[in-house]
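The same chain A turns up in both complexes below, where it pairs with chain B and then with chain C.
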Partner chain A sequence: MAPSLSVQYDQNTPSSDRILRLHQTRIRWLLLSSILTILVALMSLWVGSYQIQLPDVVDFLFQPTDQPLGHQQQWYVLSQLRLPRSLMASCIGALLGMSGCAMQGLVRNPLADPGLIGISGGAAAAAAASIAFVPLLGASALFSTSLAAFLGALLSVAIVVRMAKQVQGLTVATLILAGVAINAFSGTIIGAISYMADDDALRQISYWTMGSLAGANWQQVLMLLPCSLICILLFWRTRHGLNLFALGEQDAASMGLNVKHTKRMILWTIAFAVAIATALCGIIGFVGLVVPHICRALIGVNHRYLLPASGIVGSLLLLVSDMLSRTLISPVEIPIGIITSALGAPFFLYLLSRQKYAYN
Partner chain B sequence: MKLLLIVLVLFSTPSLANEPPLRIVSAGASVTEILFALERGNLVIATDNTSLYPEKAAALPKLGYFRQLSSEGVLAQMPSHLFGAAATGPKSMIEQLKAAHVTVNIFTQNRDMDGLYAMISAIADKVNASDQGKALNRRIKKRIATLKEQANHQGIEGVKALYIVANTDRGLTVAGNHTLPDALFTELALENIAHSLDNFKVMNNEQIMLANPDIIFVASHLLAGATAKQDLCGHGAIKQTYAGKHCLVEALDSATSLGLSPRIPDTLQRILSLAVQVTKD
Partner chain C sequence: MPITKPIVTLSQVCVSRGNRELLKNISGQCSSYQMTAIVGENGCGKSTLLGALAGTTFQGGQITILNRNIHEWSAKSLAQHRAVMQQQALTPFSFLTDEVLLLGRSLYREPMRQRLGWLQQVASWLSLEPLLGRDIQTLSGGEKQRIFLGKALMQLFNEGSLANAQPDLDNKLLILDEPTSALDFRHQRDVMQRLDSLTRLGLTIICVSHDINLISPYCQQMWILGDGQCLAQGNTRDVLTVPTLSRCFHTQVELLQRENKPPLVTH
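On to the complex of A and B.
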């Protein structure tokens, strides 16, 4: 059972003391969960199909550039396969977790997912087109698929935002409906492409939609790290706005929040973060839906703590999922999207049943 | 003089002891089967899940489906080479193996008889088995020439054939143009009624009825049950055709009818046998 973060107090304790104690407890929780995430990331360097002894992993951590004679392949697995993969899992987990948290705060619905506004659908349609048609032009689809997915994701959000724009600004209800329409349209495009594609392209499209971190390399990680940092900082800036959105847009505006500007900023940060994640790894579902719920239960609804918690737990979830995908039926690798769905879908059903029980 | 001769022999013979032996991971049933047919099966240390022939290959460690191999899974076998069929992947895995100094050879031949001969030659060259490769190609060509002669003699030219790879609620997926079944039918001068379709596609039930195939071949995994053949002959579209009315339906081994295999002459023999039944009627 998760440790309770409620602080025991009596009526005589000044409220400022209570708040301070709660703040300190939450900070402690964030620190502990960060340490746990780092430990899991280090453990992910040790586990895998290629057997590496723990002392060799420790040696590598202290001297990462050293290639011990006779162990070059081991060094390659650690430095070129596992380390970039773990870093990518951490960054993408954080981006997806925080995006989910921001999305749920923006639309004021705990069942919202970043894919609601058509990001995943647009990315998938563009990736499918790239996989099916780029080789016909004589080019390699290796890098064009990622670029296409990224642009497709952003384009779909741009269309959704345009459709949802009204005189008074973006309305949440229209945003969601536009997202549903874009997702449906993307499904049509994917269906048509799947029909026209040859056998090889069809299978590649199928695998892409399941998500995978197998292709992680340093080139991608070095691009991902600064982008992740920017997204995380932008999300952090929206924490007060997200707290005020919980009161409703009118009340938030009356408390001095620039609703239009804040909504746009949140939306585009989510779009950028999820677009990068999807472009690099394909579709990894349920992280953005499940992680904010776990964090809300443990740390409360204040986005000052909820946002960083979602980032940390998102990293942790994806690191664990990646380890499971590599080791459950080793040497075969299960696409990571299947692992996160297997973990997330039952949890989502549990959330729905809990809401139904609470309603009854 | 004797000493001089010994010295000359020692320094003229290339030192084979210095060349490390090949350790091959084989991905794709065709590639694995050809390696064993070239008497180089001893070099194969692990295979993908589809490599089940011959028995020795089936007994080797399995690394997953050849289209989605894991880099670590392959590297854990300490290979020197990866030999893969055309769709071996993902592409990132291939790049990672190359960066780890594993020599990667992907064989991308057309799905027809010329493609088979080319694949055998290409693989033979890589494993220092050129003579065995040429001999294998000669044997296959000789058998096929004999079968074509028989086909000509039996007058099966123009017999309408169809190859089914999947039977679902949405329809029958058939082998169209640019597939191996299409190439096999062409070898025996049969007419593939699905030739207008490209690759493997779902064929409309009405089109199947109109085209009226004389014989139908099915991937072996579709005729697994005891009544599977009768069920297929009773399929809504098939029962209206000549092949359905006479239940001229035959299962062909998926590995030798969908992949480039040295056993393709056996498959052609089975196709010929069924086609002959049509001309006898």
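On to the complex of A and C.
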């Protein structure tokens, strides 16, 4: 005769203490890392090939519209060059970090990257086309390249989604395979365009694929800020869905999640976020792969904490990379994509070597 | 004597994938305060039937849960009344076992203290305490199975009911796909006994098992599936007879009678 079941519990157990303590630790971690990111952002205003004294930076921050006599150039560098650039680095870093986190949660693989589904390939192909052909029409390729990259990114996601659709909705495996196909196809297009383009266009295309924050201006930032906020809010809303997805889609569905709808929303938010980032700065690789991975080791896999952490650490990484790109061989600027790859590739190899000893 | 009422009704349910008919005209009823076992040969459609009950599309027939067509339920309220434990558990990330169990409570808006209270309850019922605080990827197959059973159970308790002496389960359905396949002898017995205690509190359990002898002492109703059809259905004692079993399994069957328990099926 099985013992009868009755509900008896006491307030404090090792398990409840553990959960509550973890929550507090994680919140504290998020606060501290936000403060660190803000400090690094402020430091990025001070660092650069044009020497500015720290007290002058502080003065500027307290009175941003004040242009002291004889220091107009300094004010220009701070307010028109460095400040928009730092803001752009923070926003783009947050978008890429959160996109990587969402992508890994969606495909249930901690080694996934938003580029997996062909976004960067499509953006690069469209940008290459714009750089090569728009000047032939007599127009400047500056604005059209950003627009082309944005549209190219979204178009490639639309194609991938169409190819991967089945009766039950998008399956992860076909999504990835379709992305591989798109990336390969984009490579062909870029190759063909590079072959036909003149030297000037060729140089611009390769520079674009290396990613850069140079030329960041207030026009771009004022457009980027609301878009980033919207993307961040949309990502935040998917935190619970991502947790449930981790245990399998069938399981998630029987727990009341609208799997089809959530998958679509996550996918398109990633598409939009990465499309904006790529349109403004070219291809910045490894951030989406490496940032969520680091955060998982520090803050755990619960997306309630992991998503904001990925955003914060993404900003931090891009701010630091930007500072390095401006100072390593100052006054020459290294494209930021090279810095993130230089930091990310060895880290990725390190992750792979650790997988050998992983339990599963 | 508690009054049982039908919780799940299937009528003429058919499932086909491509050209293959996986289930043909399955009908039946599962009631509260009862465990219904679904047994049969490999490939007979047991998991497909569970899939249909868990929400996968089916091509013909009707399924009603608590007198409402399964398609008319909202996903969230259905999930609060029906918990499913899948055969395979995916663990691609290092969740803590506590976090996995707490995910089961995510359907209810309640303070953290209540959730932790239910966590503690379910952990003690299923003897999960030694597993708490561990990384789920480091657990063995059987340990993971017990955690996922706990998570399914966590889905079923109404909010605010932690203060009641006994959980209110007579409107709830638990669907299990081979819940003891990876468990050792002792844990198999423990889990089946716990499930039995839960049926005494009103829970409706539908359990797929390939091991008739393990489940027969605990289930009141048994369905035997074969080739996508329901070959036998009824009280366990009525179904476990030599003619019925020989017909269903196409083989010689011997029954070893036991006192106070259904007979052991051997060949």
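As a convention for this text, the second predicted complex is superposed on the first by the 344 of 360 C-alpha atoms of A that agree within 3 Å, B and C clash if a C-alpha of one lies under 4 Å from a C-alpha of the other, contacts with A are read in each partner's own complex, and residues count from 1 in each chain.
Convention: a residue touches a chain if its C-beta (ideal position, glycine included) is under 8 Å from a C-beta of that chain, and two chains touch if they have at least 3 such contacts.
Just so you know, these numbers come straight off a predicted model, no measurement behind them.
**Q** Is A:207 touching anything from chain B or chain C once the two structures are fitted on A? First, second, both or neither.
**A** A:207 sits against chain B, while chain C stays out of touch.
**Q** Looking only at contacts as defined up top, I'd like to know whether chain B or chain C touches more of chain A.
**A** C
**Q** Once the shared chain is lined up, is A:65 touching chain B (first), chain C (second), both, or neither of them?
**A** In the superposition, A:65 contacts neither chain B nor chain C.
**Q** Just chain B (first), just chain C (second), both, or neither: which does A:20 touch?
**A** The second partner, chain C, only.
**Q** Under the contact definition given at the top, report the residues of chain A touching chain B in one complex and chain C in the other.
**A** none
**Q** Which stretch or stretches of chain A touch chain C in the complex?
**A** 2-9, 11, 13-16, 18-20, 22, 108-110, 167, 240, 243-244, 246-248, 250-251, 253-258, 296, 300-302, 359-360
**Q** In the complex of these two chains, what residues of chain A are touching chain B?
**A** Its residues touching chain B are 48-51, 72-73, 76-77, 80-82, 140-142, 198-200, 203-204, 207, 212, 214-215, 217, 326, 330-333, 335.
**Q** Mind pulling up the chain B residues that touch chain A in the complex?
**A** Residues 49, 63-65, 67-68, 70-76, 78, 86-87, 89-93, 95-96, 99-101, 198-200 of chain B touch chain A in their complex.
**Q** Applying the document's contact rule, which stretches of chain C touch chain A when the two form their complex?
**A** 51, 54-57, 75-76, 78-80, 82-84, 86, 88-96, 98-100, 102-104, 106-107, 112-113, 116-117, 119-121, 123, 125, 129, 132-133, 137-138, 155, 162, 164-167, 193-194, 196-198, 200-201
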